[in-house]
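One chain, chain A, appears in both complexes that follow, with chain B as partner in the first and chain C in the second.
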Partner chain A sequence: MKRKHTRSKAALIALTPTWAAVIVVYLGTMVWSVTLSFTNSRLFPSWNFVGFEQYSKLFQTAKWLVSFQNLIIFGVLYVFGCLFVGFLLAAALDRRVRFESAFRTIFLYPYAMSFVVTGLIWQWMMNPTLGVQASVRALGWQSFTFDWIINRDLAIYAVVIAALWQGAGLVMILVLAGMRGIDGEQWRAARIDGIPVWRTYVSIILPQLTPAFAAAGTLLSMGVIKTYDIVVALTNGGPGSATEVPAKFIMDNLFQRQNLGLATAAATILLLTVLIIVAPFRYAQHIRARRQAGTL
Partner chain B sequence: MKRMTMLLAGTILLGAAGLANADDKLKAEVFTSWTSGGEGRAVDAIKKEFEKRGGVWESSTIAGFENANAAFQNRLVAGDPPTAKQVVVGKDPAEFIEQGLMNPMDDVAAAGKWKDALPKALYDYITYDGKVYLTPTGIHGESWMFYSKDAFSKAAITEEPKDWDAFFADMDKLKAAGLTPIAWGGQGWQEVKVFNMVLLSQVGMDGFMKIYVEKDQAALTSDGVKKALEIFGKMRTYVDQGSAGRNWNDATAMVITGKAGVQFMGDWAKGEFTAAGKVADKDFGCAISPASPGLIYIADAFGYLKTNDANQDAAQKLLAEVVMDPAVQVEFSLNKGSIPARIDVDKSKFDACTQKGMAFMAEGKIVPEHAITTTPEQVGALTDFIGEFWANPSADIDASVAQFAAIFE
Partner chain C sequence: MTHPRGPRPTQITAARIGLYAFLISAALFFAVPLYVMIVTSLKTMDEIRLGQIFALPLHLDFTAWQTAWAGACAGSECTGVRMGFLNSVKITVPAVVISVLIGAVNGYALSFWRPKAGRLMFGLLMAGALVPYQIFLYPLVRAMAVMGFYNSLGGIILVHVLFGLPLVTLLFRNYFVTIPEELFKAARVDGAGFWRIFVEIMLPMALPMIVVASMFQFTGIWNDFLLGVVFAGRDKLPMTVQLNNIVNTTMGERNYNVNMAATILTAIIPLAIYFLSGRWFVRGIAAGAVKG
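Up next, the complex of A and B:
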């Protein structure tokens, strides 16, 4: 009994810095930001409370609504696009192709680059007067058009393409690692039964890759919320405000527009969105865990 | 271990000695966003004179005015402000001053008789609550239309367009000659400047002040605004496909090389022409935008941060003196393409374009840009609105006028 007591005390001491960090650094800044969102702070924090004024202003701001819509379009296409393309790449490499490691390096290479670099490269490639469109036209196909980046309806998809190019490699590596962990006997069995290769992938391999997909999906989703630098480098939110994203909206209001109150209100909404998406997911996991444990 | 400690202590001592040495000289860390060729040489004019008078210049240059601002605010919040910062006269530095973060330069201003040396309209804008805080480096005329003489002669255009109808007729000629009519910088802030030029030509100087200073609702929804949006929108068909997101100096380069006909930009673009060895009125022309009754201006200045360090305070006073030195003002403006803030300087060295600008100043035909008279938030909202309007060729004009007016409610 005494022994147990000392151990918990030691653990308590050991955990103190962690708790301090959690309370001060993580929760503290969060509470500070949320509090500021109820004030009329401009360039510097002020404690003049105005209730929900910043929030009502936020949802009357066209730019914020566009940003939020873009986050959803970008998020869904980017995460699922990366998972799909990454899986195809992994499946292709899994066929024991020649120069596999060379391909692997090439496909993973974009992921090693900063989003700013990716954004710039694609800005050049998608610029109608410099990049792909100009090159193809120079070859003689005069009517060829690839001007998504200057089209306000398509520009957000141009951002998706660039981000996809960057993110698919990561998924490929994770999924390939997962595939290599699958027993080769299953392949042999499937071949003996005369099951086509695609069918084997869909019905036998894919279900076993769930953990790899979950890991990749989590990493990508976190990237979606933070999306800022690729937009700044690629389109700077343009044309007009067609490719604005919430993180950029927050940064713009924090630094250029001297509007701390509105920026923190936007940040709070972003936090709430994450919670709303994560909560049902966590709840489902919780229920599943209890069911497995037999307590439900 | 002990040796290690000794070594460390020694290094720190040496470092401290080095610092003490530098302290004898007045060291100023100057924060700017001036990175282009002309801008760089302009700021060098101040640097050289500052060093000649015994100062040590340390430049912190960050490309892009807004990026520099963000970095600066981080420094400020961290309690490590630079000695001086490039600011735009108007509402931009107002909150720093209101919060007591800047040092007034009253005594330097009194000693140098700035009140007599500066135009009243400018002196009033660098004074907050009766104290002078900023030292203007120069005034920029913003509503210029630069054009390539080469391109104009290729398209058989003989004279500068006097109104917008003539302008669009000329643009059609340029298009027919296979050139890009308008070198368009596709960033929101540049588009707002073009819109302002058109607006000034449609509502006049009084109307312009009513809109941006008094925020008068009748003026904000007047026919002039509607016409301005129509003319501005018409320009969409005269720009090239690669204009989205283009920097102003890249657009200037298109005019310098004769690939494009005209560029609407502030007179800092002239610095690029000069840096490329082009001569005003010979290789390129400068006219104010068609049908304009005057010039829109903006003024750059230095502001001085409170550092609670006597050495820095002394450096600030020296820097303020240097910035306001008549010879430095001339040298700075010659490189940057601006007009000296002081009216008592030697005007003979300036080219035809600046002379034109000086004439407008002397006649009082100048109006302040919206960034001087409206809050950063409103500037941002206007930039969004114009950017969005430009990007959407099917934007409804009447609805757009209402949106424009709503910004200043």
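Up next, the complex of A and C:
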């Protein structure tokens, strides 16, 4: 009895730093931030509670509305774009091609680089006077235009292209690993039945890749909410505020505009957004796990 | 990765040509930016003004690299990315070592000892990984300022360790779960305690995961921008922040060749890790991510 006591004590002590981090850093700061969002704090925290005033101000702030809209446009195009391109690349590499590992290396290397580096590379490529546009025009195609980065309506899509370039390789690796795990018999059966290759991929292979897609989708979506570096490096939110995103809006209000109440209200909305997106998935997982445990 | 897909096609068909056309154009899309960066960094500004980013440099010129390393300006300071490189090393190395060690202890304790509320802690940690950093930042800045950690090397290392906990714990827990429990029980019967089992049995067995977790943490911390901006302080800025300051500085003419050289210098360490440990990196990403 005494021995059992001491052994669990060692494990408990070993986990103490992490417990402290979870309680103080994760939960504590979260409560602190959410509390501040109900005050009229500016440069310094104040304990003057104003109810939902910051929230109503937030949703009357044009910049926040643009940020939130950009987050949705960027998030949907980035996640589905990466999944689509990643799947195409994986399917192509799955066809027994030569130089497979060379192709794989080329598709994945951007993932090893930071979003800042990615942003700066594409800022250079998309520079209208010196970048791709100028080069193609110099070849004789005078009307060629690739000036998305300075175009208010298109700049957010420029961010999507750069982010897609960085992230598609990750999906390719995950999906390829999933494809290699599928039984080859199914291919033989499909070929005997005369089903074309593309149909086999769409109707037979694709449904079996759900776990790989779920993992990739989760990783990419987690990045979407945190999107900050790439925007700072590529466009710094501009032109005007065409590429502002919530994470940047919060940072600007926290550290430059001294608008603590508004910034924490925005952060709380961002947190709620995560919860709204993640909760159904977690719940579905939970239900599925219980159902499996029940039927087994 | 094995490949059970029937005989290798020998005939050149239209589908085959289309397949390679797709792969090659995709490869161009992914490779061209790196190519453009390298050639730009080797050109002179006069050559760059011609506006032909795909052209090879007329003659190799390495002055941009020297300037990027030791003389490029961010605002009024002209010290290149050299200081940032050193700072990034000073931040990344201890942060990786500490977080991987804590992650290994956590994973080991959670999977074999199952202490009280261990599942709760793990669940909270995983939930914490989903939360946007912005909600933690201000209170952390205040708390660290009060404790005297703010704007210091120790402070930024601590922050990286704290925010690395979910990933390293997840990786090691998932790894230790696959190790047979008999091994652990045998060691228990022989009278080994918590730490002895960890140091003598589990740590050596976890070597592959130590490598993978270190790679993840190294690239993640090296590539970080947000935490570096907030917590590192002016003298300890990591390379990514300095790079952004240099490239997006508004003073004077933009030296694109210097900017591109500085960008490559910043990317070179994670790229080297990726190219040198290619298979490990790929396997680590696939294994670590699918299990998540």
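Methods note: the second predicted complex is superposed on the first by the 259 of 296 C-alpha atoms of A that agree within 3 Å, B and C clash if a C-alpha of one lies under 4 Å from a C-alpha of the other, contacts with A are read in each partner's own complex, and residues count from 1 in each chain.
The working rule: a contact is a pair of C-beta atoms (placed from the backbone, for glycine too) under 8 Å apart; a residue touches a chain by one contact, two chains touch by 3 or more.
Here the structure is a predicted model, which is why all the values come from computation and not from measurement.
Engineer: Quick one: classify A:F255 as touching chain B (first), chain C (second), both or neither.
Structural biologist: Both partners, chain B and chain C.
Engineer: Contact-wise, after the overlay, does A:I195 reach chain B, chain C, both or neither (first, second, both, neither)?
Structural biologist: Neither partner.
Engineer: Considering only touches as defined above, state whether A:R95 meets chain B (first), chain C (second), both or neither.
Structural biologist: It touches chain C, and chain B stays clear.
Engineer: Quick one: classify A:R152 as touching chain B (first), chain C (second), both or neither.
Structural biologist: It touches chain B, and chain C stays clear.
Engineer: Touching A:L206, do we find chain B (first), chain C (second), both, or neither?
Structural biologist: Neither partner.
Engineer: Comparing chain B against chain C, which has contacts with more of the residues in chain A?
Structural biologist: When the residues of chain A touched by each partner are counted, C comes out ahead.
Engineer: If we overlay the two complexes on their shared chain A, which of chain B and chain C does A:G169 touch? Say first, second, both or neither.
Structural biologist: second
Engineer: Touch test for A:L130: chain B only (first), chain C only (second), both, or neither?
Structural biologist: A:L130 contacts both chain B and chain C.
Engineer: Tell me the contact category for A:L65 with respect to chain B and chain C: first, second, both or neither.
Structural biologist: In the superposition, A:L65 contacts neither chain B nor chain C.
Engineer: Shared contact residues on chain A for chain B and chain C?
Structural biologist: 123, 129-130, 236, 251, 254-255
Engineer: So in the complex, the part of chain B that touches chain A is made up of which residues?
Structural biologist: Per the stated touch rule, the residues are 66, 69-70, 73, 95-96, 99, 186-188, 240-245, 375-377, 379-380, 384, 387-392.
Engineer: Show me the residue ranges of chain A that touch chain C in the complex, using the header's touch definition.
Structural biologist: That would be residues 7-8, 10-12, 14-15, 17-19, 21-22, 25-30, 32-34, 36, 45, 85, 88-89, 92-97, 101, 103-117, 120-125, 129-132, 134-135, 138, 165, 169-170, 173-174, 176-178, 180, 183-184, 187-188, 191, 197, 211-212, 215-216, 218-219, 222, 225-226, 228-229, 232-233, 236, 246-247, 250-251, 254-255, 260, 263-264, 266-268, 270-271, 274, 278 of chain A.
Engineer: What residues on chain C touch chain A, complex-wise?
Structural biologist: For chain C paired with chain A, touching residues are 1-6, 8-9, 15, 19-20, 22-23, 26-27, 29-34, 36-37, 40, 48-49, 51-55, 102, 105-106, 109-110, 113, 115-116, 118, 121, 124-125, 128-140, 142-143, 162, 165, 169, 193-195, 219, 222-226, 230, 240, 243-244, 247-248, 256, 259-260, 263, 266-267, 270-271, 273-275, 278, 281-282, 285-286, 289-290, 292.
Engineer: Quick check: in the complex, which residue numbers of chain A touch chain B?
Structural biologist: For chain A paired with chain B, touching residues are 42-44, 62-63, 123, 127-130, 147, 149-150, 152, 235-236, 238-242, 251-259.
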